[in-house]
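The chains carry the letters A, B, C and D, assigned in the order they are written, with residues numbered from 1 in each.
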Amino acid sequence: MRTSRIGVIGSAQCSREIYHLAEQVGEGIARGGALLICGGLGGVMEGACKGAKSAGGTTIGILPGVRPEDANIYVDIPLATGLGLARNLFVVRSSQALIAIEGGYGTLSEIAFSLQLGVPVIGLRTTYTDAQMLRAHNAADAVKQAFAMLTARPPAGKWTRKGSPQPA
Amino acid sequence: MRTSRIGVIGSAQCSREIYHLAEQVGEGIARGGALLICGGLGGVMEGACKGAKSAGGTTIGILPGVRPEDANIYVDIPLATGLGLARNLFVVRSSQALIAIEGGYGTLSEIAFSLQLGVPVIGLRTTYTDAQMLRAHNAADAVKQAFAMLTARPPAGKWTRKGSPQPA
Amino acid sequence: MRTSRIGVIGSAQCSREIYHLAEQVGEGIARGGALLICGGLGGVMEGACKGAKSAGGTTIGILPGVRPEDANIYVDIPLATGLGLARNLFVVRSSQALIAIEGGYGTLSEIAFSLQLGVPVIGLRTTYTDAQMLRAHNAADAVKQAFAMLTARPPAGKWTRKGSPQPA
Amino acid sequence: MRTSRIGVIGSAQCSREIYHLAEQVGEGIARGGALLICGGLGGVMEGACKGAKSAGGTTIGILPGVRPEDANIYVDIPLATGLGLARNLFVVRSSQALIAIEGGYGTLSEIAFSLQLGVPVIGLRTTYTDAQMLRAHNAADAVKQAFAMLTARPPAGKWTRKGSPQPA
């Protein structure tokens, strides 16, 4: 059976508090039995991977550069795209639901792609807000909402066609 | 001598008013002697190209799909990337300054990339606002600011390294 | 510890004989404890995934389109890139060694990228030949050579710099 | 009216003889009134651009890196993709016909994509040969064949569907 895939997006540099939040999110994703997808670097991505590994999960890091060695040490499967920031879109497309934690402009580009493509995205401490975007108040809530979106998911193909109220 | 390149970003569907605004922007870019870069489709992209052609300019359309035929009729040079939304990043990277007109989520992804990469972006009727983003109140002002950014541009390489206060 | 990653490349349509050969290659990769990377579609890709699953391995399918549902049923982790044929490069970059089985023009593009980037590639029934390319005469031999390349691999970064005798 | 687009592919480093051949090809493309598309770097790409400029043509360089400054000095419109070698596919997709001059593995990946996508490709001193690939014996012949392919081109969409006898 195919594994569910939940993505975690956020900055490569973050405070200790945000790192800890990412750890909790990663742990929850692993406990729920989903694969963790992320950008493979430090900060929020590393925290999430560390949390997932602490709960026996599996982590995939989709890197912007060409060196698998650039992945954080908690990444099981480093995929070096060499696509630069275009890998942001690929992180979004690879996930069935996304949890955005805080985040800067890179995370904003990922949120924008999620909203355009109709991939459910749950914001946790994000500064960007949008009526189409879900919000969570703590890690457990974010994880719960992400898993709820997986089961609520309409038949294949539906999400890719809807979700673009303002095409651009 | 190399031509300056100004990008125009915005939705593929827009009101008549926004279309007319895009036309004015495109006309201004052509009159200033810059090449117009855009995503090649309809709406804001078409308006901008139409305006540029009315002033004898040259237009490049960087398309998401694989068919050059999908470009609007005012595109001189249709480049069909086949990269889907990843072409949004490429529109940003190809431009020395960008004017965002209104826009939906696709435009938001482009604004996010611009801010992350330090490519100057001027917002005209955009809903997204950001301290790092320039704002214009009409087409002439937007064009003026875009050209000002070209001459203000620091030596090669500077922009790509700065502009990422919140790495992600 | 990070899993080794061996890629299998070949056509989406193939004869029963080639499909069986791909199965044997996939099985050998899984028995050796490596992760199987492929393009996720039918033919050689499906055969290899089926073989890997029969030996309890894990399979990743890096798809050209936007629908994870397009992956063959033996793919554990479908990654839908939406990049079209540009995903060929990404299959190459994600692998530490590649086994090419027969194959058409798509496979040829992957072999070319492998040779340019210095990722070891072993040909099994490929029509294209090259002095830089390894050759195997059966599935077991191909798998053996691929695993030998993993251990022979020079320190990080070395491979990306060599392997391009004819830069282009 | 839209400009025709002919691509020239070949290595970033080449002999003086090959450089001169590329110049002749570029000059012929410009004289015929087509836009020259290339990878924007040195060697064959530079020779072709230099030739095109000597005949008053227009040149586009689709660069692998993020710096427009890396384009050779004969490129009018430098487009910095930041996509690395994935830009090879984009050079192919942007062209209506391609002339390959000598070339290494990068050029081979472009020839493979051309053959898979059905974009006509004419080989001039290429080591790779294929029944689907056209051959020219000198620059004038290559240019003549490329322009002949433009007019012979079937209605929009036809080429993208054919040309893949060995899907992969």
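FYI, contacts are C-beta pairs under 8 Å (C-beta built on N, C-alpha and C of every residue); 3 or more make two chains touch, one makes a residue touch a chain.
Everything numeric here is computed off the predicted structure, so don't read it as measured data.
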For chain B and chain C, chains touching each: A, D
Remotest chain, chain C as reference, centres from CA atoms: B
Computed distance of Cα centres, chain D from chain C, in Å: 28
Interface hub residues of chain C, defined as touching at least two other chains: 66, 82-86, 89-90
Touch list for chain B against partner chain D, complex: 2-3, 5, 35, 60, 62, 66-67, 69, 75-83, 89-90, 93-94, 156-157, 160
List of chain D residues in touch with chain C within their complex: 9-13, 83-86, 88-90, 103-109, 112-113, 115-117, 164-168
Touching residues on chain B, where the partner in the complex is chain C: 66, 82-86
